[in-house]
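Following are the structures in question.
In the two complexes that follow, chain A is the common piece, with chain B as its partner first and chain C second.
For the complex of A and B:
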C-alpha cells in the first residue's frame, strides 16, 4: 500500500505540470484581450494607460516568455497576481477554497448518509409504496436542475416562509469566527461559540442539500440495486439458513458488499462537486472557488484561471488516490499495486 | 454470540448516535433562536453587485469605488447634489485669470486616520501618484504639468492649457488625498516611474490611509467590504459605526434580502421589484433621476458603417427609434429621453431638442440619401445589464423600431471582453453606457465630441470638427455664463453630429428599510454616506 501511494504521489507533479500547461495554453488561446477588464472600456482609447497596464501585467511579453516566467514563479510557490482582484492568486484560492470544501463536505455527508439510508430502505421495502417514493425522489434528485431547485428553495423557505437561512455563509451582522481552518462551522466550534456554529451550520444546510441532490439520487439507486442483487447471493442465503434474521443479513453482510460501488461514485464525484459548485455558490452568494473561477474566466484573468485549474487538478488526483485506498480498505480482495 | 456481531452492534449504536446527533444539530440550526455575536444596528449594510477590482484610490475606477473612495479618503472640494462646489479639505480655492494655475488653501484642522495633519505635501504626492501610475483614473490629472506646495497649507497646480473645469474635476473621489508618509512606507511611490515601481496595491487591499469619516476594516473580494468609523475624524461624526457593502449580485437576491432585513439598502433593484415593495410598511422606496445613460454609437468612418457617412442616414436612425417602447421594454417606463451625450440638466443642455420617434421622417431621409430600399447595419454590443437596462432587450427593441423604416440591424451580442476588443477595430453600431465622474460637462465633450483626444471621434473614425475643437478650448478658458454658452453650442453641434444617440436615461430606484432616511444617488460619491442615516441615529 505504501509503495502504491508513494508511486502515485511521485507522479503527481508531472500530471500537475501537464494540467498547468494545458490550462495556460487554452486560456491564452482565446482571441480576446484582458485589457478591457484591467483598464475599463473607457480607457481603451488612452494609449498611456493601455501601455502601462500592458507592461505591468506582462502582456507585452511573448507567450513562451509568459509561460516560462509563470512556471519559474510557480516552482517558487508563486501562482502570480490576479488581474481582477489584484491579490496573489495563492492567497485568493486559500481564502476561497475552504468555503467550497465546507459546502462540498456537507453535501457529501448528505449524499452518503441519506442516500445509503434511503437505498437500504427502498431495498428492504421493495415493491411497496416506500420503495416507489424513494425511487421517484432519486429520479428527481438526479434530473432537476440545481439552479432551479436553488432559486425555488430560496424563494419558498427563505423569502416567503422565512424558516431557512438566506444566502451567504453567515447571517447579516454576524461577525465571522477567528480564522483557523476557514471552515466557519469548525472555526466557530474551535472558538467555543455555539450560537455562531448554529448560524454557520444553518446557512450550510440548504445549499449543501441542493448540491448533494444529484449524487444523492445516484447513491440511492446504486445502494438499492446492489442490495437487491446481493440479497440473492449464496452467502446471504447461507447466513439466513444459519438462523440470522433478514435484517441482520442485510445490515451485517449485504450492506458492506453493496457499499463498494458507492465509494467509486463518491470518489469520482468529490472533484466534480467542488469544481462544479459554481451554480450553487452563485445562487447562495457563497464566496467559494466556483464563483472565483467563473469571474476569473469572464475577465480573462490568466493567472487566476491557471491557478484554479492547478487546484482543481490536485483535488481530482487526491480524490482518486483516496478512493483507491478506501476501496482496498472496504474490500480486502482488492490489492493495490 | 461471537465477538464480531457484538462489535458490529456497537458500531451500529455509534452510527445511530451520530445520526441522532446530526439530526439534532440540523434541527437546532433550523429552529434555534440563539443569536450569535452581531454587529450593532448602528452599522448599515448595503447590498450591491460590487465591481471593485482594487482599493488603491489612484488605480480605481468603478461605481463601488466611488462610495469607498469618498468614505475613506477626501478630495479638496465636494460637489453638492445641485452641482455646486463646497469646501472639504480645502477651505479656499482660486484660479488665475487664464485658468492655468489653481491655488488651494487647506483647512488647518484636517487630520488623517493616524492623527497626522493633512498637508500640502500629501496633496502634491497624491496627485503626482495619480498621474504617474497611469492607472485607470489618471486622466483626472491630464494636462497638469506641476503640483507644488509653497507651504504646508497651500497647493498650487499648474495646467499646460486653460482648464476652468479643474475645480469640478478635483471634486471627484478619485482625486482624494492619501497620507503620503504611511503609503510610502508601504511601497507606494509618486515618482515619474511609479507605473512600474509602485508596489502598494496589495497593501491597499487591507489598509487605508485617508482622512475620511471611515477607515477600511476588512475586504473579502466577492463577499463584503467593511468600513468602520474613523475615531480620529476631524469633522462631523459619521452616521454609522460601520458600513458593510455586501456582494449581492442580482436584483432578485437584493429584493429578497431587503425584504428579510438582511440588508438595509438594496442599491441595484430593477423596476420589476418596485410593485412588490412600494407599499411594504417596513420598506421605503423612491424613484429619482440619474445622470447615467445608455446610448448607441454610430461609426461612419469604420468598415461596415459607410452608409452612416451621410448625416441624413444618422438622423434617420435617430428618428426611427421608438424611444417610449424602448424605455418601456428596458426600465418599465422609468426613464427619460436625452438629447445628446450630455445628461439632462448638465451645463449646456438647456433648450436641446429631445429625440422624437418619427418613422415617416426617417423614411423620407433615407429615401433622400438613396436608401429608400432599405439598408443593413451590423450592431455588435456587450451582453450585460447596467443601470437596470438589459442591452439585449434594448437592442432587440431598437432592431424592431429600425426594421419599421427599412433599416435591418444585424445583432451580434458578445461577451464584454470580446466586444471591447472589437471596439478598437470599429463597430458600425454599438451600445454603451456612461456615468459621470464629476459635475462638469466638459467630460462629455472630451469623450464624445469631435475634438482632439476624444475617444468616440477615434472609435467612430470621424475627423476632428474645428468648430468643436475651438469651442472646447475656449470653454476651458471661460467661466460663468460665457462658458455655459460655449457648452450649449458644443452640445448642439454634438446633437447634429448624431454619432452618439442616447436611448434611455434610466431613473434610479432607491430602496431601503423604512428606518433609513437620506438614501441618495450622488454624482461623485454614488451613495453619499454623510446624507444617509437611520431614523433613530
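For the complex of A and C:
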C-alpha cells in the first residue's frame, strides 16, 4: 500500500508537467494578443507603453524561451504573475481555491449521502410510486442543464419564496471570518461565530445542491441497480437461508457490495464537478476558481489559465489516488500494485 | 445414514407440490404435483437434468423461491409444521436453525467483503444461540470441524483467500452451524474437482451422521446419488417420475426416463465407443515434444515476480484418425496445452510438429493455413457462439474468412454441415438463444468442421451438457471421426467420458504428464499415485450399505 502510494506520488510531477505543457501550448495557440488586457485598450496606441509592457512580460521572447522560463519559475514555486490582476498567480489561486473546494466538498457530500439514501430507498420500494418518483428525479438531475436549474432555483426559492439564501458566499454587509482555512463555514466555527456559520452554510446549500445534481442522479441510479442486482446474488440468498430477514441481509451483506462502485464513479466525477464550478460560480457570484478561470480566459491571461489547469490537474490526480485507496480499503480483493 | 425405524412419521413430507413462475409468456410450472418424504437422519437424493425442477423443489422447502415463483398447490410438512402457512417471521427462525442449506457454487455464495468467520458466527447471533466471543469461538470450532487448518487465523480471512474446496467447507459449516434437523445440499460439489468432491462429500456424510441430520441431496449425478443416498427421487420436467430405495431404483428402474438416464451415464465399466485400437496403428499427425509454458506471477505483498510453469515438459503424439485424451483437475495445465496446440497462446519452449512440419512460431500466411487444418470446440456452448449471429452465419464465418466458395456454395456447405451434426438445416436462420445446450454444441462442432480440418481440439466439449445430451454428442463425435477420419485431442476432467472416447490417455497434474496409456490399461491398473487417487474419487454408483451392486456397474 505504501509502495503503491509512493509510486503514484512519484508519477504525479510527470503528469502535471504534461498538463502544464498542454495548457501552455493551447493558450498560446490563440491568435489574439493579450496586450490589450495588460496595458488597457487606450494604451494600445502608445508604442512606448506597448514596447515596455512586451519586454516587461517577456512577450518578445520566442515561445520555447517563454516555456522554459515558465517551467524554471514553476520549479521554484513561482506560477508567474497574472496579466490581469498583476498579482502572483499563486496567491490569486490560494485566495480563490478554498471557496471552490468548500462548494465542491458540500456537493460531494450531497451526491454521496442523498444519492445513496434515495438509491437504497428506490431499490427497497421497487416498482412502487416512491421508486418511480426517485427514478424520475435521478433522470432530471442527470439531464437538466445546470445553469438553467440554477437560475430557476434562484428565482423560485430566493426571489419569490425568500426561503433560500441568495448569490454570494455571505449575505450583504456580513464580514467574512478571520482567514484560517479559507473555508468560511470552518473559519466561522473556529472563530466561534455561530450566526456567521449559519449564514455561510445557508449560502452554500443551494449552489452545492445544484452542483451535485448530475452526480447525484448517477449515484442514485447506480446504487439502485446495484442493490437490485446484489439482492439477487447467490450470497444474499444464502444469507436468507441462514435465517436473516430481508432487512438484515440488505444492511449486512447487500449494501456494502452495492455501494463499492459508487466510489469509482464519485472519484472520476470530481474532475467534472470542478469543471461544473465554472457555471455554478458564475450564476451564484461565487468568488472561486471557476469565476477566476472565466475572467482569466476572457483576458487571455496565460499565466492564470495555466495555473488553473495545474490546480485542476492536481485535484484530479489526488482524487484518483484517494479513489484507488478507498476502493482497496472497502474491497479486500483489490490489491494495490 | 440409516433411517430410524421407530419413528415412521417423516421429518419432511411434501405432497402434490406445484410451483409456478410468472413470466412474460404467462405462468410456467417448474414443479408439478411432486411428492417427497425424508425421514429423520436419512439421505434422500433428488436426481434430474437441468430444468427438471429439482432445485426449484429444494428452494420451495425453505421458502426461498425467486420473486416470481409461487407455490400454487400442495403442502410441505416439516416436523409437524405446515411450512407454507408459516408467517415470514417464524420461517426465519426455521431457516438456518432447523433447515440448513449448502448451496452449489462456492465462488458466489460467500459475501466477498466479509471475513468468512463472521459469515458463520452471524448465524448464532441471528438465532440468539450465542453472541460475541461465544459465537466467535463456536465458529472457530466449526471451521476446525470441517477440516480447515489454522481455524483461528482463517476466521479473519476473506473468501478470496480460500480455494474452492475450502470455501465449500465453509458453506458446509454454515449449513450445519445450528445442527439442523434437515440439510438441503443443492449440487454441493458440482463445481469442485473430483478428488476434492470426494473429500467434501465424505466430510458432509460424517458430520450429518454425527449430528443426526437428514440430508436432501440435489444432484445431476446418478452415480453420486447412488453412492451417497438411502433413497432416490428422479425428476423429469417438473414431475417426480420415480422414487424409492437407491438400489431398487438403480437396479430395477420402472420408469422409461430413469432407464434412459442410467443408460446414458458413462461409468467406469461402460463399453468403449471407439474399440481397442492401439497407439501404433497410425502415423502421428501431431507430435509434441518438451512443451513448456511459463507465466510471470507476483508473490506476496512485495510483488516480487517469479516464473510459474503452467505446462512443464509435456510430450505426446496424436496418431491420425485417433483420439488422444488429456485428463486432469483444474490447474493441471490441460487447457493451456490446448491453447498452445491451437496456436492461440505462444509456448515458452518445446516443439509442436504438425504433419511433419514445425508449427511453433508460425505467423502470417502459414499460421492462417494452419488454422484451416486444426480447429477447436470449447466447453461452454452458451459463450462460444456470438449471440448476434444466426446459426448459418456462425457456421459460414470460417468459409468467409478463408474465402472458400461462392455464396451459393457456402449456403450448400452450411446445410451439409448442419445435416452432418444431425441438425435440421432449417435451423440456419435461428439465433443461439433459440437453441438448447446440446443443439448449440452441435453448431459449434459444425463450425469447427466447416474447413475440413484434420485435427479437432475438444476442450471440455461435453462437460457443460446434461448426461443424455452428452451421450448423443459423444456418439456424434465418434461417428464423425469414423466418417471423416478426424483426429481428436479430447481434454476433460471426466475420466469416465475420456475412458469411453479415447484411444490413448495422458493424465496431467501440475503441468506435467504423470501417466500415459490406453484407457483400458490405465484405468484397470493405474501405476501413478495420482491416477489411483483420481480413480478412487469417482463415484462408482455403489450404494452405501446396500447388497447387490446397481445396474450402473453392469
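By definition in this document, the second predicted complex is superposed on the first by the 337 of 337 C-alpha atoms of A that agree within 3 Å, B and C clash if a C-alpha of one lies under 4 Å from a C-alpha of the other, contacts with A are read in each partner's own complex, and residues count from 1 in each chain.
FYI, a contact is a pair of C-beta atoms (placed from the backbone, for glycine too) under 8 Å apart; a residue touches a chain by one contact, two chains touch by 3 or more.
All figures in this text were calculated on a predicted structure; none of them were measured in a lab.
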*asked:* Quick one: is A:233 in contact with chain B, with chain C, with both, or with neither? Answer first, second, both or neither.
replied: second
_A:242 in the overlay: touching chain B, chain C, both, or neither? Say first, second, both or neither._
second
*Considering only touches as defined above, state whether A:129 meets chain B (first), chain C (second), both or neither.*
neither
*Classify the contacts of A:252 with the two partner chains as first (chain B alone), second (chain C alone), both, or neither.*
both
*asked:* For A:330, using the defined touch cut-off, is the partner it touches chain B, chain C, both, or neither? Pick first, second, both or neither.
replied: second
*Once the shared chain is lined up, is A:49 touching chain B (first), chain C (second), both, or neither of them?*
first
*After lining up the shared chain so the two structures overlap, which partner does A:92 touch, if you call chain B first and chain C second: first, second, both or neither?*
first
*asked:* As a test of reading the superposition: which chain, chain B or chain C, is in touch with more residues of chain A?
replied: B
*Common interface positions of chain A, toward chain B and toward chain C*: 248, 252
*Across the complex, what residues on chain B touch chain A?*
5, 8, 12, 19, 22, 25-26, 28-30, 32, 34-41, 43, 45, 53-54, 56, 61-62, 133-136, 138-139, 195-196, 201-202, 205, 220-223, 246-249, 253, 256-257, 259-263, 415-418, 420-421, 423-424, 432, 447, 455, 458-459
*Considering the complex alone, what residue numbers of chain C touch chain A?*
62, 64, 66, 88-89, 92-97, 100-101, 103, 105, 108-114, 122-123, 126-127, 158, 160, 171, 174-175, 177, 298, 302-303
*Parts of chain A lying in touch with chain B, wherever the complex brings them together*: 31-46, 48-49, 51-53, 55-56, 81, 84-88, 92, 95-96, 109, 113, 154-155, 158-159, 162-168, 170-175, 193-196, 198-199, 201-202, 204-205, 248, 251-252, 282, 285, 287, 291-292, 295, 298-300
*Give every residue of chain A touching chain C within the complex, in rising order.*
3, 232-235, 237-245, 248, 252-253, 256-257, 260, 330-333, 337
